[in-house]
Structure formats: structure tokens, C-alpha cells
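Below are two complexes that have chain A in common, paired first with chain B and then with chain C.
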Partner chain A sequence: MLRYTLNRLLGIMVMLILLSIVTFVLSRTVPGGPFGKAEVPMSKVQMDQFYEKYGLDKPILEQYLTWLSQAVRLDFGVPFTAPETTVTGLIMKLLPYSALVGFLACVFALTLGIILGMIAAANPNGWVDNSIVTYSIVAGSIPSFVLGFVVVYVFSAKLGWFPGGGWGGPEHLVLPVFAYGFPASAGVARWTRQCLVDIINSDFVRTAYAKGLQQSRVMSKHVLRNALIPMVTSFLPMFPGMMTGSIFIEQVFGLPGLGKQFVLASTNRDYPLVLGITIFWAVLISATYFITDILYGVIDPRVRISERAA
Partner chain B sequence: MSKAKALKKSRKIGADEVVRASNWVASWRRFRRSGLAMFGLIYFIFIILVAVLAPWISPYPYDKVDYNVTLQLPTWQHWMGTDGLGRDLMTRLMWGARPMLMVGVLTGAVGMLIGVPLGILAGYLGGAFDWFVQRLVDLFSSLPNYLLVLFLVMVMSPTVMNLVLALSVTSWVGSCRLVRGLTLSAREYDFVEAARALGIPTRRILTKHVFPQAAPLLLWSFASSIPASVFAEAGLSYLGIGIRPPTPSWGQMMGGGGAYWLYYWHVALFPSLCIVVSVLAFQGLADGLRQAIDVNVNI
Partner chain C sequence: MSKKLSRRELLKGTALVAGSAAATAALSGCTKVVTQVVEVEKEVEKVVTQVVEVEKTGPINSFGLALPPDARPLDQQVWKIGSDMTAAHGHWMKSLYNLLWGNTMHDEPLVGLDYNNDPFPCGAESWQIAEDGSYWDFPLRKELVWTDGTPVTAHDYEWTLKWTMGNGYDFGWYYSDVKNAMPVLNREMDPSELGVEALDDYTLRIYTNFPCPYLPMVMCFYMPMSKTAFDAHGEMYELDPATYNGCGPWTLTKFDRATGCEFELFKDYKGVRKVYFEKCIMGPMAGGLAAYMAGDVPSYGMGAGTPPGEQAFINTNPVLRGESHPVAPNITSYLGFSMDPGKFPPLDNYDVRLALCKAVDKETMVGAVGKGFALPAWGILPPGFVNYNGDVLKQQDCNVFDVEAARQLLSKAGYPDGKDFPEFEVYCRTTITPYMEAAQAAWKENLGITIQLKALDYASYGEQVWTNKLAPMYRVEYSLDYFDPSTFLNVFRDGGRHPHSNPEWTANYNIANATLDPVKRMELLKQSEMDLVNSLCFYGLQCDISYELFPCTLGGDFATPDRNGFLNGYARGRSAYNDLYWTTSTCRDSLEK
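What follows is the complex of A and B.
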């Protein structure tokens, strides 16, 4: 287990370094640097000064090494577009918005999806099952920003129940979380149903019934326990996934999150900020995969045993 | 059963092609049974026709600005109304099918061009090469997908081709993983071993014996990759970093409709319907294929 863990950690490190190199080199080599689009055209001298100030005139390897040595100390530099803050500071300031919306949407999607998936699996092939399967296909086909338009039109513009955008009290969260979580619940329902049906139809469940166990006991001890493994491994990575994917929802509802900032930063060619946010999300995502893999061993004893045998 | 009939039957089973053909026939029967799948197939053909024929069947030029008819609700002249610049919405929707299809289909195709050879080689050769490909798969599947695509499109200037390229950076992972898994088991089949024993060159074994095993599944994998790309194209264009105006795209029409849609619902409604129906149809198509070719793998 220890060796496996170390291996994985090493892999993550390599990935992060490669990702940072690619992003770094790409952003430094594209035509039209960060100061090319200034409203007032700058003279060559001014341009050179800016390049010198941010170290952009040095060889790219040197620039990268400088960046890397600061990045390992969590110092991602200063955004070109907001020199009064630091990249780390800006990320920390904006993260709560994205994280909150993503987290709540994820919880909503998981609750709705797992309940529907369980109902469907409990009555296989009936009309309930069929309608839930149909729901999972239809709901899964609605992009969150399209649903965002619809709910804002209906619940905000027409009915006036909830504010249609911006950040404020909890009522501001209702529409974004719904629009973001509802389409995601489709996949959850589908996967839950799939996992449960697979296990309900397996031999050891039939054996459990055959030896006279009650249904509730079979369900909790045999079915759920086993279905939990594939479910956890695919649902845990949803959290960071949904936090990074909230770019669209943040745009529709005008939320001041990280995704929106990232779009802005890319448009403005704000290299330090783009690089900082990319690396930050990558760390978050790989950390979740890592934890998921470790949890996999905790939930499923078979993994641990085969590890030991190997 | 008469002798002739029995003979005919045995010949039927014995002849390799016939058995394989009947597989496809059975698959088609299973496919036809699902209503959503048939809808997906018909829609697929329909939308290709619309996209290809857009210059001839659309009632107006897509960039014809007419300030006399801005923001009209559907009328007999403009069946789906007009946008803020008086451009015909239906025309723009027809043209918008082009980038949608291009991105949807090409991303899957490029992903396969990269993923299938890598997956087959990794699965068949094993060893160091397999280890290397596996690490690549790990690497690319833990990337922050949308951020990377967004960044790449920004860096490379947003055109349809660059959008396809940026999406392909991660789209090959799925087919690679799938093919690698299938090749791992196909490698152990007797006929593959026989081919190896006969001294048939590896390249020939891979293309003639191993690849056909994976082909039907690849069809499904290809179809199921389309919805995600359609999503991405619509979303990025909505953010204003996908397809650039004046070329119409459904997502961009929603983003561009920005200010008006609260008062003029049709500006947002028709493009969003197009997006949803397309994703639904492609999803249905993929699902139908999954049932038709009886996919048993977990990806």
C-alpha cells in the first residue's frame, strides 16, 4: 500500500510539472503578449520596461525555473490585470463562490440522482423504471447554461420568486444550484441504477435470499455495500469536476467565481493568473482521484487483500 | 427438415461472411426496437442534410442585417423571428448546424485517430510501451478539461479547427482505454495466437485480426463522444470564445442574444431547443448502438 501511494504521488507530481511546462511555454510563445491589447498603444520603450519588470525578457527556461521555485512556496506571482493583489490571494478570494455553488449543486445532484436510481433499481423494467431511465436521458441532454436561461426566465423574470443573478443571500443560490445540479443528477441516477441492478442480479444476492435473509438485510449488507464501490469511485471526482465546470453557470448568473475570472484572465492573456488557476484546479482534481483510490481500498477489502498477495 | 434445407442451413452457419452479416442484421433489429435510437438516427441524417444544404435551403443570407425587422417574433416572413440585428433566426440556426456537426464529429474522429493506434499497440505489445501509454492516459484524464480547452482556444485563436484540436487533447483517452482493454483480451484468443504462430507480421495481425474485434464497440464509443463535444462547442461559443461572429453557432446565438432574451424569448428559445434536441438525439443514437452491439464493458 505504501509503495502504491508513493507511486501515485510521484505520478501526480510529474503530471503537475508537465502541465505547468505546457501551459507556461504555450502562454509565453503565442503572438500578442499581455500588453499587446492595451487601450493606449505603448511605445517600444514602455513595452520593454514592462517586460523587464515582469521578467518577460529573460530566457524562457529561466522564467520557468523562477516561477517554479516560487510556485512550490505557493507564490504564483502577481496578476497583470490586478497588480494590487497576488494570484494566490485572488484565488483564495474567489474560490469560496465557485466551491459553494459547485458543492451544493453536487450534493443536490447526488441526492436526487441516488434516490431516483434506487427507486428505478428496486422496480426494474416497470413504468417507474422506464420513466426514470427516460428522465436520465432527457435531463442529461440539457446543458446547464440552457437550463439556467429557462429557470431565470420562468422563476425570476416571470414569477419573480428568486433573484436571477448576482451574489447575496441564500436565495441567490437557488436557481444556479438547481440549473447546475439538475442535469448532473441524470448521470448519477443512471450510474446508481446500473450499479444496483448489476449487483441485485448477481449470484451472491440470490444466495443471500436463498438462505432466508430478510430483504432489508440483503439490501443493506449485500447490495448497498457492494454497489457503494463503483458509486464512490465515480461520484467523488464529481466534486472538483463540478467546481471547475461552473464556468458556464457563473456566466449565466453573473456569479463572481473562479471560472468567470479564468475566462477573463484568458481573454486578457494574464499569464500568471491563468497558470495559477490551472495548476490550482489540477492539484484539486488529482488530489480527489488520489483520495478516491485510497478510499477504494478502504471500502473494498478485496483490493487490500490482492495488494498484500501481490 | 429436408436434406437440402439442412445443407443450406449448415452452409449458412459455416460461411464466415454470412454469420458476420447476420450479426449486423440482429444488431440492426435490436437498434430498431428503441424509439429514441431511431429518432437519433433520423435526426442525424436530417441535421447533416440541413448543414450541407444550408446555403441553398436557408431563406436569407445568414449575415443579412435588416434594421427594419429587429427582434421580431415569429412571422410568415421569418418563421422563427429575427435577432437584434434583424437577421433571420431560422437561417442562422441552419448555418449553426455546421460548426456543431464539425466539432461533434471531428473531435471524435481525431480522438480515435490518436487513441485507437495507441490503445491497440499498448494492449498488444505490453511492457514498457504499455506502461508509457497508461501514464499518458492517467495524465490526460486528470487534467482540468474545460480550463485547458478554454486556454488552448484562447492561445490558438478561436476557429472551428482549433476548437476541434483543443477538444481532441483529451478526447482520445476514452477510445484508447477501451481499445487497450479489448486488445488485452483479444491477444489471448486462439485465432490470434494461431496467426502469430503462422508468422503473420504484427501489423497485419493488429489490423486484420485484433482491430475488427474492437470495431463495433468503437462505433458506439464514437457516437457517445459526440454529445460531449456538442456541449463543449455550444458552451464555449456561449462564453464568446468558441465560434466567432459573424459565423453563426447555436451557443453563440444564446450568448449574443444576451440582453434581449428576457423580453424576446424566441432569441434564446430556438437555439437552446436546437442544442438540447441535438444532444438528446446523439445520446439516443449512442444508447441504441450500445444496446444493438451489446456493450458489456465498464468504461
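What follows is the complex of A and C.
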């Protein structure tokens, strides 16, 4: 297990270095620069002043090595668009907002999706199943920003039940969490149903019924436990995916967050911020998959046995 | 008020009373008439009542300023500004293109703009040009102070411009009329030689390269930075409430990169701008019409890009329709040609450029594509702008649609029926507009030539078209910075952004622009614009018109259409949000039903 863990960690480190090289080179290769937005172009002398100030006048290899030597100490530099803080400081400042909205949306999507998936699987090919499958197709096809505008119109502009946007108390989270989580619940429902249906048709489930167990006990004790591995593999990475923010949700509801920041950093050619957020995402997603792999063993003892055997 | 009666007055009054009593008694048939004179001395009080009409006012804000009578309570007098908080600086004089707020809330510009776009003395008390036109003097208001309590002086203004021009200011080009501005900006000259000078604590003198009759207009963004705060806390002093030091009507009370900023009134502000709002919030805000309807955002724009369904929704809703106001088309979209000899032949051939222009039926194209949200651009100045000359420019050869003439011109240049014409690309900033697609189709259909369209994002476009001059043809727009024809025409001078040179036009234009007689200057500038149009360095496409929606509960000057009937979002956005307040009107109630 230790060797496996070390191998995985080493793999993650190599991947992060490769990713940083590709991102570093690509971000500087794209035409335009962080100081090229003026309606009347700045002279070379003016541009040189900015390049010198931010160290962009040095050879790209030297720039990268400087960045890398700082990055290993978790210093990712200073954003061009927020020079009063650091990249790490800015990410840590924005992350809680994205994380809270994304986490709640994930929980909402998983709760709704798993419940619906289980109901559909328990009644295969009946009208309930068909309705839930139809729901999963329709809900999954609605872009979250379209749903966002609709819910703001209905629940804020017309009914006045919730604020239409901005950051504030819990009431400000209701509409964005719904708009973010609702389309995601469709995929959860569909995948849950698929996983459960496969298990339900297994021999050991038939045996469980033959032993005289009740449906609820069979579903929770035998079916759901065995369906967890494919579900965990799919659903756990949803968390870093959704918790790192969505530009659409943040834009529609006027929320602070990393999603919008990343897109704006790209268009503003804010190299340190683009690189910092990219590495942060990569670390988060790698860590999630790493944890998922570890969890396999907890959920299914056969995974541990097979690793010992290997 | 009390008055002691004199003896004479007393006797006179008593006799009158007695006489009256006798007459009354006689008339009533009284049998016994007794006349008795009684001498009484007593104090009387005279009460004088006067009806005085007291003007009813609304609440009194933190400045001690009475809001109009229909104003809502102070806790509701909050203005909201949408911002992603993704820009570096909080002061206009540090950066324009990396700037958090594009208004003048925090510091006092030398010159202000009212809702009619007329300049008014703001940081300055007045202005005066020298007899020979070589400089302007701006006596400053003595009552202005920084939030740290120290007075605002001409030295602050002088230091600010010298510091920013000496540090690569990205909007430095804007001050190119100030003497030595460009050499200082390009580090060919020391900032101390910049043509700005504090004659004393309260008089600022600005020297210009040429006589510059429009300089006060240019100065509407010239705000001082606090050297004291800069020296003590560094370049980013304006983004921390603890180190902030400004001299405008507002002061920073909260700064947060995630949730935004908050501003409150600077109570020691003694300037001329009347701010009624009590608080201002800036930060991420919800987008879309629904959020506007819900009151979460204070304004919403409707233009050609607005989905037709949404336009119909607005137009059929009486409240929203009433809240829609036309915004002046202060922007011109145009097609530029790289016409320097040998650079992109045959675009250096006048006949070829003329053929390309004449092959496009601009009026029909703009009508069909714009659907009421655009007007044809006959020159560079948009309709309604100072010195607009569209009726005359419309008659110029390049603006007259004539397919046959266009074909002949192309044939004369050696490309009959468009044969062997190079397949140029038009570099389009941010998007390929339907106007360009229509022009592309017209060239194909009328001239038989293929022109490709290529969209680039803002930063890439600037580098490839302006800096590296790689584009044979380019589509871009330009909008005003201030209200004088020079704001559009200056950008075509050699040394501006365009990838061609035209020294003769530049020389003539500079003479016209420097003419001190205002009437003669406008005449000469009309001629300059006509010369520019006829040089075919550019071809006007369209001037976009948009509508701004703002709640009918917003009151004040800046919520009132200007003298041309347009809503002045430009000057409002660059103001301190003065002369605006929320009213108690119930005009929006039906929106929520």
C-alpha cells in the first residue's frame, strides 16, 4: 500500500511539472499580452517598462525556473490584475465561495439523483422508471445558465421569494445551488439507475430475495453496497469539478468565485494567475482521484486482496 | 412684540370707542345715554402672523445635504456598480486598461462633465487660455481636502501627471497635447520637463505642444493622486481603507477581491458635486434582464445583440418600455486599410480601395442588419456628435453605392471581374460582426473577390494590428473620450494607432485643431474629416445605437435625458454618481405582479 501510494504521488508530481511547463509555454505563446489592451498601442519603451517590472523581459526558461523555484514553496507570484495580493492569497480568498456553492450543489444533485435513480431501478421499465429517465434526459439538457435566468425571473423578479443575485445570507444560495445542482442531478440519476439495475439482475441479489429478505434490505445492504464502486468513481470527482466554480453560475448570479476568475485571467493574460489556478485544479483533481482509489479498498475488500496478491 | 400706547393714541382711541358706543345706544333706542371718558393706560401685544412657504425636503444625508422631497429614506439611498474585481488599480491616473472603477468618485477631476456633457469647473474654479494659446491656467478650489485632512494643491496635480507619464501610463497617449508628453512617456525626456507646473499652491499651468482650444475637455479625467499616501504606503495605497487617501465625494470603507468594495460619503468634502446617495456598493452582480427586473442591478442595456424575444418582452411591457432610454451613438465602427506603399498591394492603390467602398450598399446594409440599432457611419464622427457632418460626407464618392463604377475601378487597377485579386483577411476585433459578413458578401457578389474574415480577441488584435501592423484590412470601433471632434480625429494622426502614415493630413489637421477661433476651428475640422474620408484610409460602417434601462424610481439630473433627448450614460458613468437618488415613486410596482 505504501509503495502504491508513493508511486501515485510521484506520478502526480511528474504530471504537475509537465502541466506547468505546457501551461507556462502556451500562455506566453498566445498572441497578445497582459499590457496590450490599450486602444492606442503603447510604445515599445512603455511596454518594456511593464515587462521589466514583472520579470517578463527575461528568457522564458529563466522565467519558468524562477517560477518553479517559488512554486515549490507555494509562492505562485503576484497576479497582474490584483498586485496588492498573491496568487495563493487570491485563490484562497475566492475558493470558499466556489467551494460552498459547489459543495451544496453537489450534495443537492447527489441526493436528488441517487434517490431518483434508486426509485427508477426498483421499478424497471415501468412508468415511474420511464418518467425518471425522461427527467434525466430533459434536466441534463438544460444548461445551468439558462436555468439560472429562468429561476431568477420566476422566484426573484416575479414571486420575490429569493434574491436574484449577489453574495449574502443563506437565502442568496438557494437559486444558484438549485440552478447548478439540478442539471447535474440528471446524470447522477441516470448513472445510479444503471449501476443498480446491473446489480439487481445479479445472482446474489436473486439469492438474497430467495432467502426471504425484504426489498428495502436487499437494496440497501446488497445492491447499493455493490453499486458503490462505479458510483464513487463517477461521483466523487464531481466535488472538485463543481467546487472550483462555474463561470456561468457566477456570472448569472453575480457570485464571487474561481470559475469566473480563471476565464477573466485567461482573457487578461494574467500569466501567474492562470498558472496558479491551473496547478491548483490539477492538485485538487489528482488528490480526489487518489482518495477515490484509496476508498475502493474501504468499500470493497476485494480490491485490497487483489493488490496484496499483485 | 409689545408696544406702550402714547397718551394721544389713548385719547383718540377712547373717543372713538365712546362715540361708537353712543351711536349704538341711540340706534338701539337706549333710554339713558351716559358719556364717560376713562383714561386707561395698558400694555397691548401685537401679534403679527405671516404665511411663509417652507420648501418640503427629503431626508438630510451625511453631507448635510437635503434630498429632494420625493426621496426614499437614507438607508435605501444606495447605489450599486457591477464589477468583477479583476483589475489592478483604483486610480485613473495609474491605469485606464487595468482599472477597477472608471468613475470620478474618489478624486476631484480638474474639470467635470454634467448630464448635458457640458464641462464645469470641478477641481478647478475656472480656466483661462494664454493669449498666444501656448498654455492654460487652472486656478484651483481652495476648500478641497484629502481624507487625511491636508489641502489639495496644484503640487498634487503636477506630481500626479509627472509621475504617471514617467511610469509608462497606458493611457498616456491621451495627454499627448501636453507639452513634452510623448518624449516623457517614451523616456526620452525627464518627467520634470513635462508641461505641467504648479505656479503656486492653488494655480496649475499646463503648457501644450500646439494651441489646444479643447484642453479643458481633455482634463475631465485628470485627478490628483495623494503623494503623501503613495510615499507612506506604496503604489497600491488606494485599495486599502486604512491607507486610502482621496479628495472626491466618496471614501473607501471596504475592499475585498471576492465580494467587492463599499464606499461612504467623505464628510469633509467641500467640492461642487452634490451627491445624494448615502452609500455605494461595487462588486459582482447578477446578470440578465430578470435580475434587473428584480431590482438587483440598477441598469440594463438593450442593443442589437439582445435576443429578439427579450427585445419583444421589453417592448411589450409598459414599465420596461418606459424605462428604456436611447443612448447617444458615441461610437463608430469602421473598416481600416493598410495603405502604405508596397505593404499590402494592391491596397496601396486608391482605385482599389475606392472600388471596395463603392461596392457596399451601406445604407441598405445598416438598415437590414442593424434593425433600428444602428445608423450608417458616413465619417468618423457619429450622428449627434459635436460638428457632425454626415449629410455632406454621405455625398462623397466612397459613400455612394455604385457597383458599375466599382467594377470599372477594379478593372482599371488590373483586376477585371476580380480576377487574380489577392485573398486578403479582414482582422476583426473580438467578433465577426454581421456588418462585415454583409460587406464580405457584397464584395463577392459585386466585385467577384474573396475576402476572409478573421476574429481575434482584444489582446491578440492589439498586438497583431496595432503593434505589429500585420493586418491588410481591419474592422474596429472607436468611441469618444471627451466631447470635441478631436477625440475621434486625433487617433488618425501619425503616431496614433493606425498602421498607415499620412503626414500631409496630420499637418493640416494639427493646424485646424489648433485654431483658437471656435467657429473657424469647427469649419476647418469639418474639412479635415472630409479629407480623411476621401483619403480612404478607413471606411465608416455603422454607429451602434443602444437603449439603457434604468428604474423609473431613479431621480435626478443624470436620470434625465440630455438636451438632445439621449440618456447620458457616458457622463453618468464617469461622474461621482452625483445628482441621482432613489424616489418613492410606485411606478415599478406592476413589474412584480
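As a convention for this text, the second predicted complex is superposed on the first by the 295 of 310 C-alpha atoms of A that agree within 3 Å, B and C clash if a C-alpha of one lies under 4 Å from a C-alpha of the other, contacts with A are read in each partner's own complex, and residues count from 1 in each chain.
Criterion: a residue touches a chain if its C-beta (ideal position, glycine included) is under 8 Å from a C-beta of that chain, and two chains touch if they have at least 3 such contacts.
Worth saying up front: this structure is predicted, and the values here are computed from it rather than measured.
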Combined model on chain A where chain B meets chain C, clash or fit: clash
Which of chain B and chain C A:46 touches, first, second, both or neither: second
Chain B versus chain C as contact partner of A:126, first or second or both or neither: neither
First (chain B), second (chain C), both or neither touched by A:253: second
Residues of chain A touched, compared between chain B and chain C (which is higher): C
Touched partner set for A:149, first chain B, second chain C, both or neither: both
Touching partner for A:157 - first (chain B), second (chain C), both, neither: both
Which superposed partner A:267 touches (first chain B, second chain C, both, neither): both
Contacts of A:278 with chain B and chain C, given as first, second, both or neither: first
Residue range of chain C overlapping chain B upon superposition on chain A, of 366-374, 402-410, 438-446 or 564-572: 366-374
Touching both chain C and chain B, counted on chain A across the two superposed complexes: 30, 149, 152-153, 157, 251, 267, 269
Chain B - residues contacting chain A, complex: 36, 135, 138-139, 142-148, 150-152, 154-156, 227, 231, 234-235, 238-239, 241, 254, 261-262, 265, 268, 272, 275-276, 279-280, 283-284, 287, 298
Chain C partner contacts - residues on chain A that touch it in the complex: 30-43, 45-47, 49-50, 80-85, 90, 93-94, 97, 148-149, 152-153, 156-158, 160, 163-167, 250-256, 260-261, 264-265, 267-269
Interface residues, chain A side, partner chain B - complex: 11-12, 14-15, 18-19, 23, 26-27, 30, 137-138, 140-143, 145-146, 149-150, 152-153, 157, 230, 244-245, 247-248, 251, 262-263, 266-267, 269, 274, 277-278, 281-282, 285-286, 289
Chain A-facing residues of chain C, complex: 82, 84-88, 96-98, 167-173, 185-187, 236, 239-240, 256-260, 283-291, 293-297, 456-464, 466-467, 478, 491, 496-497, 591-592
